[in-house]
Each structure stands twice: as structure tokens, then as C-alpha cells.
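Chain lettering (A, B and C) follows the sequence in which the chains are written, and residue indices restart at 1 in each chain.
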Amino acid sequence: MSAAPYLQINNVTKAFGGLLAVNDVSLSFKPGGINAIIGPNGAGKTTLFNLITGFIQSDSGSIKFEGEDITSLKPFEISRIGIKRTLQIKSIFPSMTTYDNLWVTANAHTKNLHPFADVSKFTGIDDRVSAIIDKLNLERIAHLQAGSLSYGDVAVLEIGMAMIAEPKLILFDEPVCGMSPAETEKVVEKIIELSKEVHVVIIEHDMKVVFKMADHITVMAFGKVFAAGTPEEISRNAGVKEIYFGSDELELS
Amino acid sequence: MKLLVINKTLTYLLFAILLAAPWIIPVIGDPFWMSVLSEILIWSCFAASINFLFGYVGLLSFGQALYFGFGMYGVALGLTVLGLGFWGSFLFGVSASGLMALITGALAVRLTWHYFAIITVVFSLIFYFIALTIKPITGGDDGINFAAPEILKLGDLTLTIADPTTQYFFILAVVTLLFFVFKRLVSSPLGKSLMAVRDNETRAALIGLNVYRLKLTAFVISGIFAGISGALFALFGRYASVSYMFYHVSGEGVVWAILGGAGTLAGPFIGTALFILIREVISSYWQHYALIVGAIAILVVIYAPKGIVGMWNQILLKKSEGDKK
Amino acid sequence: MSSTIAVLAINGLVFGLIIALIALGLSIIFGLLDVINLAHGDFFMVGTVLTYVIFTVSGVFWPAFILVPLIGFLLGALIQKLVMERLRNAAELSIVATFGLSMIIQEVVRMTFGAAPKRLVSPIQGTFDLLGVEYDIYRIVAALISAAAITCFFLFLNKTKLGTWMRAVRHDRNSATALGIPTQSIFWITFGLGFAMATLGGIVAAPITTVDFRAGVDILPFCFMAVIIGGLGNLPGTAAAAVLLSFLEGVISGFTDPTIARIFSLVLMSAVLLFRPQGLFKGLAK
């Protein structure tokens, strides 16, 4: 099996004023399992995601996805290539139903949106939406307003929205942030299942979750890559424990 | 689902009443109210343009009077200067407003909402002043009057807008058509994508929607609605005046749209009807109708921001959920 | 001929200083409260009307300088507490509320004061020779008073505790609250101050403009132009932009229709909004 990296980040730097949020970072994400990025607050993890998805432009360096340079693409172009992302703060379309949220996402890549036909006429899209609803057991909330859903349900809807567009890579930014243990377990399960079909990179603080899900961990601190390796290697790395020293973010099981 | 049925029935009822109005109104009151009804219908299109942009896309434009003005003067000048007939000038007016919306929209929708609202006012002021300056053409605030062209000539049958009943039915036909277009638009893929942009612009970009293009499309559609309103106004008043391009007109439209219910289909009509009726009724006793408009504007945004139809839908929704339990 | 242009230019400067005062009031409301205040021009108009009334009733002009801004401040604080406060979570709707306010203010003035424009007699009569033209002494006094008021405003903002608090809230509302600054109070103080400044402009302008319930409508776009071109949050920039724009419009209207001068300013404003939204006077910001 080819170990060519699907996502290649080369010497990327981003400064905000005087602060080097991302400092000459180079990373290779290879297929075969979930890649996790961990690190204390302010390490540059979310900034990295923002750079990959085009929300901010790097000052220098390049980002390649499946060999193609994506460094200067805009967010909606990145999305159309097949890179999807969830945000730290759960973010869906609150006034629309779960079904419509998924429908809009599935249809988003259409170049010319039809202005007159009723949505129910688009059976192709409808099939895909129904398939995702089945897969993620969303039937009971399918016609409820997304804004009224519980936090856990919103997270699953977000995963559904990430999956429905037939992505190649999904970036999860703290997917279980603020969830109950039951909700966390459900979401972790779904992501692990998902990773069998698409590439997955997650940012996460909850170490139990990281060690459960990740096949490869990258540790960032102060805008730089501090360490990278398998979960066993990282858990044995004394330096990693030190950069978390004093914070209660580290809970190794 | 009960909500849909109730609303649908009410809409058909309203439509039936509107159809029968030319025969009902002279019986229960002064025929003058027919022209008020025509006025309400014309201005509901204007309110609809604002409602579409704000309620369904999340963009608050305070400058729709500009496109109203282009529609209005498109017709006026089409008839007087360019010698176009009824349909020619109507088309000319609507196209002019659409084109204007395209040009100004291309610039305006790049801005975030504060600056977007301001620039829509600025654009409308620029053209208001330009229109004032070219007074020989536009007639300035005094405006220009012109004759009523024929709508249709089929052998012996001539329909002119001078005939009040023909006029009313023409307006009703156009407005009804617009209503159905609006309805289709809202439940179409385009409509749903616009609502996604309204709900969460960042997320919309993330899922791959071209937000700029969507906003611009909505802006042009909205401009066309306002242009149709202006064109109808000119055709039926046989009058065009620069004073209708001033931002007060835009502002009043915003108030009607919000009172009626932003983001609802019936909102524009209800809001406009209420205001115009209040004005007609009150101004026979009291000249200070502007106080009421101002007061309602403030009260609505504080206590009833969803508007009349919005609140009605909420009540129905609560009832149907209560019934389920 | 050129002396006419010079006079127009100087008029432009005089009005520019008055507008700067009003526009600063608009800027703090926009910057601190996130409110696009469509009634700000009417606040100015109220200032002119109250001044006229005080003069007509008492025969004296100068008490207006104390009474009117006080009334303005109280009205502003009241409006913020009763209306704008309730809309803090629906920022877009606040523009509709200020529009409604504008309609109410104009109509109330029309009802009580009347629809006919009136002229106020200047408290300082007399002219002096300026470049061969007889120029009102009062206008120079008006310019000086405005300049003094603007200076006091900046001193207040930068040297007093309250002013520093206001700047802190402007910069970052949440951090300011966390630091213990009474943000809620700052909100109504700001709105009151904005109203007061607009009325102060009205007092000063009353003798050299028509006192009319529609006077606010003309002033409003101009104030917004100053705020946008000067740069939102850039108070010195706003003042500079007001003076510059008024001066330019004055000069241009020597050559052509004043309406054309106005169109020019509006186009400039659009260009700034679209291409340089931080304003033209970035360098002046602290």
C-alpha cells in the first residue's frame, strides 16, 4: 500500500502582528488511520486548519493535497476539492431542518443552482440525504429545526454534512468538545467508522479520545511541531508531558 | 404540517377576496378604496423585494428606492422619450432596475452588513442627486406626468389602463405572478442555499457554496422586484418623481417588510396593507401619520421582530406541537 | 471672482468644523454601540430648534449653550435605555429603530414648531473685511467655538477616567467589562454624549442656517461621509474628513451646482467603503 502522503504541509508560516502562530511547520499526513494533532492552547492547531482550508493565507510555504498545490485556494474551492471541516463551535444552519441542512450540503457543489424547481424533485440528492440519515440514525430528528437539537445531535449532523459531500479528507476541530460521555462515545464511534472510507485528521484536547482514535499523533506547541509518532511513542515522550505541565488538559488513561 | 394547510387556505381565501374586490368594494364602501387596494398591491412588491433580501438572505438594504426609481423612470422615459409602448416601456423599466442592481450589487455585496446597509443608502442618494440635477429630464421632485398607453389591442377590444377595473386586474395579475415566482424561489435549491447563507455564512462557504455569487443573484432578483413595483407605479399613476427615490421611501419599505414578517411569503402584503390602510384611515382625521409609522417601527423591532405573519406562524407551530402531545 | 471661491472655501471650513463636531457624536455611537444612527441629523435639528425657542422666549442666545446640550444628553440617555438597549442582540434592527426615531422626531418638531422654516437672528452682528468681502464675524466665532468643543472632546476622551473607559469599551467590550468598567452605563453615556454633541453643533449653526424640521436630512449623509472617509473608530480622522469634505464641497460649488459637489463626496465615500474601509486617514489614528 502506497504511503504517499495525502496532505503535505511544507514550511508554512503565519504571523499575526508580531505573533508567530504557525512557525515554519512541515507535516506529512499519510493514509492508513486517523491522524491527530494535539497541543496546548495557542499551539497553532486551529490556525493550521484555517490555513489548510483557505480561511487565512500563509505568509510563506506551501500546502499540497494529493499532489495538487492548494495553498492559495479560497474556502469554497477547498471544499469543492473534497476537503471538509468541522468547526470548534458547532456550526450548522439553525433555522433549517436536519434534512434541509443535509440537502443544502449535498447540493452545494452544483455550479448553477436551480431557482424554480421544488427541492423534492431532485431525487438524486434526496437519495443521498436519506442514505446519510439512515447511516447515522438521524430519522427521529430529520424534520426538526437544527437550531433546536441537542449538542450531541448537532455534532452528528455536522458529521453527516461532512460525509454527504463525498469528501476525501475531513478535518475535525475538537469534535467532542463540551459533550457528555455518552455523546462522546457515539461521536467517536462514528468518526472511527468514517475513517475507513475517508482520510481523517482531528484536533483534540481530550487525551482519552485521542488515544482511542488516533493511529498517529502530532504534537504542536508555540506554533511548531514538537513531536510526532504513534500513540505509544508519544505517551512515552517526557517532553510532551512537560509542555502540558501545569495544565489540566492532560489526562492519560 | 397543519401550519401549511392553514396558511395555504388563508392565502387562497385572500386571493379570492382580491379577485372579487371590484364587485365587493363599491357595495360596502367608496370606490376610492379600489385605488387604495391597487396601491397596496404595487407597494407590496416593493416590500417583497426588501423582505426577500433581508428575510431569506440576511442582507438589509436601505436603498431599494433606487431600483424602484429605475423601474419608475424606465417606464416614464420609455413612454415619453423613447416612444416605447406599454409593454416595451414596462420591460425597459424592469431591465433597467435589474441592470442597476447587478452593477451596484456587484460592489455592495462584498461588504459586511454595517457597511452594506450604508452603501445601499449611499448609492441610492447618489442617483437621487443625479436625478435631481437632470431636472429637465426627470422633472425633479415635481416629477413628470404622461398619458396612458394601451395595454392591448385585439381587433375591436382595447384594454387601457385608464379603465380602473382593467388597471386593477393587470396589477393583480402581475403581483400574483410575482407571488408564485417568490414562492417557487424560496423552496428551490437556490432558495435553500440562500437561507443557508443567511443562517451561517461561514458554514455556507465551508460546504462549497459560492457566497458572493449567491448574494449577488439575490440582490439582482430583489432589485427586479423593486423595479417591477416602480414600473407599475409609473404606469398606473402616469407619474414619476425623484422624491420616490429618496431613502425615506426605502426606510418605509423596510418597516412594512419587518412589520409584515421578514422571511415569510405573506408578510410583505400584510405589512404594506396595514400601513397604507392606517395611513388612509388616520390621515382623514389627523395629519401626523408619520408619528405612527415611527412608533410602530420602534415597537415592532423591540417587541415583535418576527412581524405579524412570523408571530402567526409561531403560534400555529406551538399549537400543533401541543396537539401532538 | 476668486474671492467668491475663497469665501465659499472659508464657509466650507466653518461648516466643516461644525459638522466635525456632529460627526464625532455619530462616530462614537457607531463605534461603541454598533448602531447606525439614522436619526443623528435630527438630533442636530433639535439643537437648532431648541436654540431658536430659547432665544425667542428669553431674548438671549447664550443660555442655549448650557441648556440645550443638557437636554440633548438626557434625551440621548433616555433613548438608549428605553429603545436601543433592548435591541443589543438584534443589531441590524437597531437601524430600523433609529429610522423610526427619525420619523417621530421630525413629526414632533413639525407639530410643535411648525413646518415653515425660520431664521434666527445672529447673536453677534457685524462683519469684517475678509479678502475684500464683508464676512460675518459670527461665522468665525462659530468656527472657533466648534474647534474649542472638539478640542475639549478629545481632551475628555484621552485625559479623563470616563473618557478612557469609553475608549476601552470601544476597543473591546468584553475585556472592558471583565476589568470592572461599568459598560452598561458607558452605553447610555455614549448615546447621550452623541446626542449632546449633535445639538451643540445645532446651537452653533442655528444663526447661520435655516431652522427647519427637515434640516437633519441634509446633514445626515454628510456626517456619515465624514465617519466613513475618516475611518470608523478614527476620531481625529473623522474630524479631519469633515473639514476637508466641507472645504472641498465649498470650493466645488463655486464652479458648479452644489448638488454635483454632493455627488462627488458620495462617490468618494463609496470608493472608500469599497476599497479602503478603514478610511483615508489611517495615519491619524492613535
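The rule is simple: a contact is a pair of C-beta atoms (placed from the backbone, for glycine too) under 8 Å apart; a residue touches a chain by one contact, two chains touch by 3 or more.
Keep in mind it's a predicted model, so treat the numbers as computed, not measured.
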Co-neighbours of subunit B and subunit A - touch as defined: none
Greatest separation from subunit B - chain, by CA centre: A
Averaged-CA centre spacing for the pair subunit B and subunit A, given as whole angstrom: 43
Whole-Å gap between the CA centroids of subunit A and subunit C: 49
Distance between the centres, which are taken as Cα means, of subunit C and subunit B, whole angstrom: 33
Subunit A residues touching subunit B - in the complex, by the definition given at the top: 53, 74-76, 79-80, 84-85, 87, 91-96, 100-101, 103-105, 107-110, 113-119, 122, 161, 165
Subunit B-facing residues of subunit C, complex: 34, 36, 38, 83, 86-87, 90, 92-97, 99-104, 106-108, 110-111, 221, 224, 228, 257, 259-260, 262-263, 266-267, 269-270, 273-274, 277
For the subunit B and subunit A complex, residues of the former touching the latter: 181, 184-185, 187-193, 195-196, 198-200, 202-211, 214
Subunit B to subunit C touching residues, read off their complex: 54, 60, 62, 107, 110-111, 113-115, 117-119, 121-123, 125-126, 129-130, 132-133, 251, 254-255, 258, 288, 290-291, 293-298, 300-302, 305
